[in-house]
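Just below sit the structures, each encoded as structure tokens.
After this come two complexes, each holding chain A, first together with chain B and then together with chain C.
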Partner chain A sequence: MASRGGTARFADRNFPLLLVAPAILILLLVGVFPLAYLVVASFQGITMTDNDKSFQGLVNYIQLFHDPRLWTSLLHTVLFTAIALPLELLLGLALAQLFLDKMPGRSVFVGLLVLPVVVSPIVAGATWSLLLDNRFGPVNQILGWVFGREMPLLWTINPELVYPAIILAEVWQWTPFMFILLLAALASVDRSQMEAAAIDGAGYWRTFFRIVLPAIWPVMAVAVLIRGLDLFRIFDVVWALTQGGPGMRTETISIFTYIKGFQQFEISYTAAVAFLVILLLSGLVMAALRRVELSR
Partner chain B sequence: MADLKIKALHKHYGPVHAVRGIDLEIPAGEFTVLVGQSGCGKSTLLRTIAGLEDADAGDIEIAGERVNDVAPKDRDIAMVFQNYALYPYMTVFDNIAFGLRARRTPKSEIEPKVRRAARMLAIDHLLQRFPRQLSGGQLQRVAIGRAIVRNARLYLFDEPLSNLDAQLRDEMRGEIKRLHQELGKTMIYVTHDQVEAMTMADRIVLLREGRIEQAGSPLDLYERPATGYVAGFLGSPAMNFLPATVDEQSSGPAVRLTPTLSLPLPAARRGALEARRGGALTLGLRPEHILRAAGDDAREGLVRYSALIDLVQPTGSRTYATFRLGERDVVAELQSHDVSRPGEKLDLALDMNRAVLIDPETNRVI
Partner chain C sequence: MSRPALPWSRALRTLTLAGMASAVLAWSALAGAETAGDRAVEAAKKYAGKTITIVWEAGLQSLDPQKFSGPLWEKLTGVKVKVIEVPTAEMFTKIMQEYRAGTGAYDALNVIPAWMPDLVQAGALEQLDTYVDKFGFRDELQKIAPTYRDNQMKVNGKIYGFPDDGDVFVMYYRKDIFANAGLKKDFKAKFNYELAPPTTWKQFDEIGNFLTEKLKKEGVYGAAFFREAPYAMFMFEERFRNEGGRFFDANTMKATVNSPIGVKVLTEMRNENRFMPKGVEKFGFVDNLATFLKGESAMTISWPPYGRWAAGYLADEKALDWVPKSKIAGKVGYALPPGGHPELAAGFALSVASTSKQKEVAYLFIQWLNSEEISLQRTELPYSLRDPFRTSHYSAPSYLALWPDAKHYLATLKQASETGLLDLSLIQTDKYEEAIRQGIQRLWAGDDPKAILDEMASQWDAVTQKVGVDRQKAVYAGWAAKSGAYPK
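The block that comes next holds the complex of A and B.
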């Protein structure tokens, strides 16, 4: 009798756990298993021609540090992020400020502005590649009208133009994401605080930095974090426009990983690269989250 | 000298005509209360004075200068908001100092000024706290501190006490009034609460549907209301209104409530009704002007009435008794022990000297 009571109590107490168990199992299966597999593979020596599953130690990780192409691609990635992220943030914030006040046709404008986010990045990249085409693209055509002579700019080939081209496409597509989040955040700032500041004698910038910015900061931090992570993994737009070229000039870490893994099939080495990226980003996210937490 | 002068002010919110032609002069140093029901335009008027809303027509002058096109920060005003509107990411000290810093007050002056304001409001021990760590009453004090720390010409209060509980409200009411006496500044205070208006104001401006219904000292409005609306708005419990007709008696015009009940008027009050014989009339009688009849009370204008008490509401200091007079329920404010339970029969005296006679057509007091 006593043991039956004990079983019943055990089931009672753990009923919630039993309910969530299937979901957790599936999450572990799709999330943790590939990660574990990745880590295991990164210590092996699998390539296209050699299915060597023996333990190779840190060979792949040591190779990481002697691979200039990896570090260059990492540098490119950081460069894209460092330029595009502030641009998207500032443009999004400026647009949000602009559309904060009620005006006729506001909802139509906002709807149109948000359209780029809806487009699949690879499609956006392909579209921009058409727009920037050196012979038939409207961008060169319009520049030609403005400057009064033909402008056969090689946007996706000229080393000086590829970065602006990619960043243009990237900023075009993702500024609206910042815009829409910041618009929501700005709209929720307490109006009477701003009125109080206006009466207190604070100008636009003082009001913005002392009252508006602290109020929208949590939302802004999350938006920057999301966009930062996305930018760090940038692939589609670059692939559609330059495939990492000219040469390896615009190769990002994602493109490098893709080429290593799925064109050169250096499976184990690619696993090590992927694991490095995971570590880097996890560290970044944790540091960022801690900062956001602290600022509250 | 008038500190604030408003001429023919109009303000629309889309289709709503919120302020409909307000003329107002507020002398320096006066405590003016704008009072009225919600939607009467009092907050809009205050916000327009502050410059948070633009006037659609009319002039606003502060210290003789037209300020319609002057930004709020240059109008030399300070304002306390209904929801406090404290800056949540700053300490109490920084909240109070914000206006001084925005106006580039020298650092050496800021600290003593903030401390002095905080001391006046008894919040000097809270200066390093954040607004989220404060209670409602403390928040309100900080909001007031933020206003008084600046030496503004005009202080505006937008229903500052409406978020506080009753006890705290009483306390803060007294404190704001004391503050006014100490600072001697011109203050404009918006409230929907007639008790606040009566107790705090040097002058009440009673608004209704965007217009001034009546302006004057609290007792002026209370004792000599211009309209039935004013008479009914001020006073708690509210004035009793009874539909009546002007009746002819041997002594002159009287107030007839029912075919069998007519209340004679004292000689001084009869004249006004001479021209209205047979016409309709609304009789206004304040609860405190219905007394318990004393045995030998034969003063002119006191009308005896034997009432059957229907409802008894003791408040401690006074007791409100409801009874039927004519066709209406009427509340009398009696001494605490004048009446003890419903169903009691009581001899009352209606003080017709203080009765308010209202023309039901125009709602104006005769």
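The block that comes next holds the complex of A and C.
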């Protein structure tokens, strides 16, 4: 009897685990298996012409540290992120502040502002490629009207213009994402606290930094984290505009990985690069989550 | 005196006779099929109802199998053709990805001949010699123009693809401008030689500058080229060799592309942009075509379709709606580019995927496509972008009758094919080409030509080291020994 009771208790205790087991198994298959496969491949020697699956040790990882192109592309990625992310955040916040109060046609404007987010990034890149075309693009035409002379600017060739062109396209597309999240966050800030601060004589900035910012901080942090990760993986817009050029001036880590993996079929080396990126991003995410105390 | 035959021996004789008769009938069916195209059709009939998949360059090119050859093949054999359109820049990737996956999704392929060593090395292409003999195609293969036949068909002496496109750069110029008496007189007075299509790059520079000076107010530039890196890459390869450049030191396999010749070529290429339309650095195939067809440039260099479209050949064809109407029909002359050794840029060969599950019928389809009769019809399609590549194409009466100047056009193509230069083709060709493309982009961005070439050479050396110096040296030696590798 005691034994049967023990078995029943064991079954009761583990029944929920059994129920979730299939889901966990699928998650493991979908999430962990590719990662494990990637790691295994990174220790092999698979190339375009050689399907060498023997263990190669740390060859590919050593190569990582001797590949200036990889680190340059990483630097470009950090540069894009460091410039575009604050711009998107500040513009998104400013727009959210602007549309916080009721105004005529607010919903129409908000709807229009959000449109770029729903466009596929490669389409956004292609659109900007047309907008910035040196002969037929409206951007050069408008600049021509403003400056009163022909402006045949080569936005995707001139080294001084390629970064502004890419960042412009990126900020155009993703500022609305920041805007919509921050608008929701701002709308949920406790008005009574702001009114109390105003009664106590606090100015706009004091109220903003002491009351509004702490209130919207969790949402803002998540928005920054999501966009930061997106920017670190930036590919489509750059590909559509410059394909990493001129030369390798705008080559990001994603473009580098694509070229190595899918144009040059350096399969094992690409796996090592991908694993490095995963490690970097995981570290960043964990640090960021710890920072905003969302990891608990 | 003969003995009466035994019953079993009569049966054996009957069977033998029946077997012989069947063999004779089968042979006569194939033999009755007089051409290689007919033989392919006869042999493919047993596969009626099947569907084969072929990878084709996306865009106009693929209208050939979609509108013409695919439906005709199905009508003749009952075998359907499914066309997978892939942009040229992604074809290599897609073919390799499919090969790696091994699903057998592709049966027949269009491949750029310069890729063949890599694709063969990887195992992605089926060797075709057995099929060629089985279906009697060897004689017709010999009739492909020698440049393509000898250089774009085999890897290590074995057939892996049928050259199917006579891609070569040709100079197109405005006959009316070059015949203008006033311009001729002024030009002679200034440069002390006759105004005529340039035969050297120095002449090109002088003529281009002169014509821009004289005609810019009328909206005509001396010249325009496609300058986007994937196209300009071919032009650099051509000019570098025409000027006497060598890509590598054959003994050490060290890159020698950063020689003074390389610097001269890059410097001249950038300087020429000054007399071309503003923004020419971004000109692709279509921008340059539109400029020339609208009569806004006096000279250009491009692939053969420019010549057909400039002549206004089948300008009303619906598929060519996007091509600007030619304002210069009847005014276009054809010549070899300066230097006289044009790039046999890109081109296409027809191959069979090694992972195909229906290799024989895929082979039969490409044999039929590539056969004398069908290939001529395909090169005459206004939209196919396939250019004459068989010796017979250059003198085909039907082609000669397509437009008044077709005779000169075909003569120039023939001459260009005979003196043309092959694209560089090594193990991992794309890595070498990528370095050139990046160099071209940097050139337009204003970087120093010497610095660009030093970086290019450094990248080439790194690739060579990675592939293996001796291994690459052997491949390069094989390539350099070909008739079209360097000017003779």
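The rule is simple: the second predicted complex is superposed on the first by the 283 of 296 C-alpha atoms of A that agree within 3 Å, B and C clash if a C-alpha of one lies under 4 Å from a C-alpha of the other, contacts with A are read in each partner's own complex, and residues count from 1 in each chain.
Throughout what follows, a residue touches a chain if its C-beta (ideal position, glycine included) is under 8 Å from a C-beta of that chain, and two chains touch if they have at least 3 such contacts.
The shown structure was predicted, so the numbers you read here are calculated from the model rather than taken from an experiment.
Student: Could you classify chain B and chain C on chain A, in the superposed arrangement, as clash or fit?
Tutor: Superposition check on chain A shows chain B and chain C fit without a clash.
Student: Figure out whether A:Leu143 sits in contact with chain B (first) or chain C (second), or with both, or with neither.
Tutor: In the superposition, A:Leu143 touches no partner, neither chain B nor chain C.
Student: Please indicate which partner A:Asp190 is in contact with in the superposed arrangement: first for chain B, second for chain C, both, or neither.
Tutor: In the superposition, A:Asp190 contacts chain B only.
Student: On the A-aligned overlay, A:Gly201 touches which partner chain: chain B = first, chain C = second, or both, or neither?
Tutor: first
Student: Quick check on the superposed pair: does A:Pro246 touch chain B, chain C, both, or neither? Answer first, second, both or neither.
Tutor: second
Student: In this superposition, which partner touches a larger number of chain A residues, chain B or chain C?
Tutor: Looking at chain B versus chain C, the one contacting more residues of chain A is C.
Student: After lining up the shared chain so the two structures overlap, which partner does A:Val78 touch, if you call chain B first and chain C second: first, second, both or neither?
Tutor: neither
Student: Of the partners chain B and chain C, which touch A:Phe265 in the superposed model: first, second, both, neither?
Tutor: second
Student: Which partner does A:Pro214 contact after superposing on A: first (chain B), second (chain C), both, neither?
Tutor: The first partner, chain B, only.
Student: Using the superposed model, determine the angle chain B, chain A, chain C defined by their C-alpha centres, to the nearest 10 degrees.
Tutor: 150
Student: When the two complexes are placed on top of each other via chain A, what is the minimal CA separation of chain B and chain C in Å?
Tutor: 53
Student: Which chain A residues lie in the overlap of the chain B contact set and the chain C contact set?
Tutor: Shared contact residues on chain A (touching chain B in one complex, chain C in the other): none at all.
Student: Sort out for me which residues of chain B touch chain A in the complex.
Tutor: It is residues 50-52, 71-73, 77-79, 81-83, 85-90, 98-99, 102-103, 146, 150 of chain B that touch chain A.
Student: Would you pull the chain A residues touching chain C in the complex into a rising list?
Tutor: Against chain C, the touching part of chain A is residues 48-49, 133-135, 150, 152, 154, 156-159, 245-249, 259, 262-265.
Student: Please give the residue numbers of chain C that touch chain A in the complex, ascending.
Tutor: So the residues of chain C in touch with chain A come to 92-93, 96-97, 100, 118, 121-122, 229, 278-279, 281-282, 287, 427-428, 430-431, 434, 438-439, 441-442, 444-447.
Student: Across the complex, what residues on chain A touch chain B?
Tutor: Its residues touching chain B are 190, 192-193, 195-203, 206, 210-211, 214-215.
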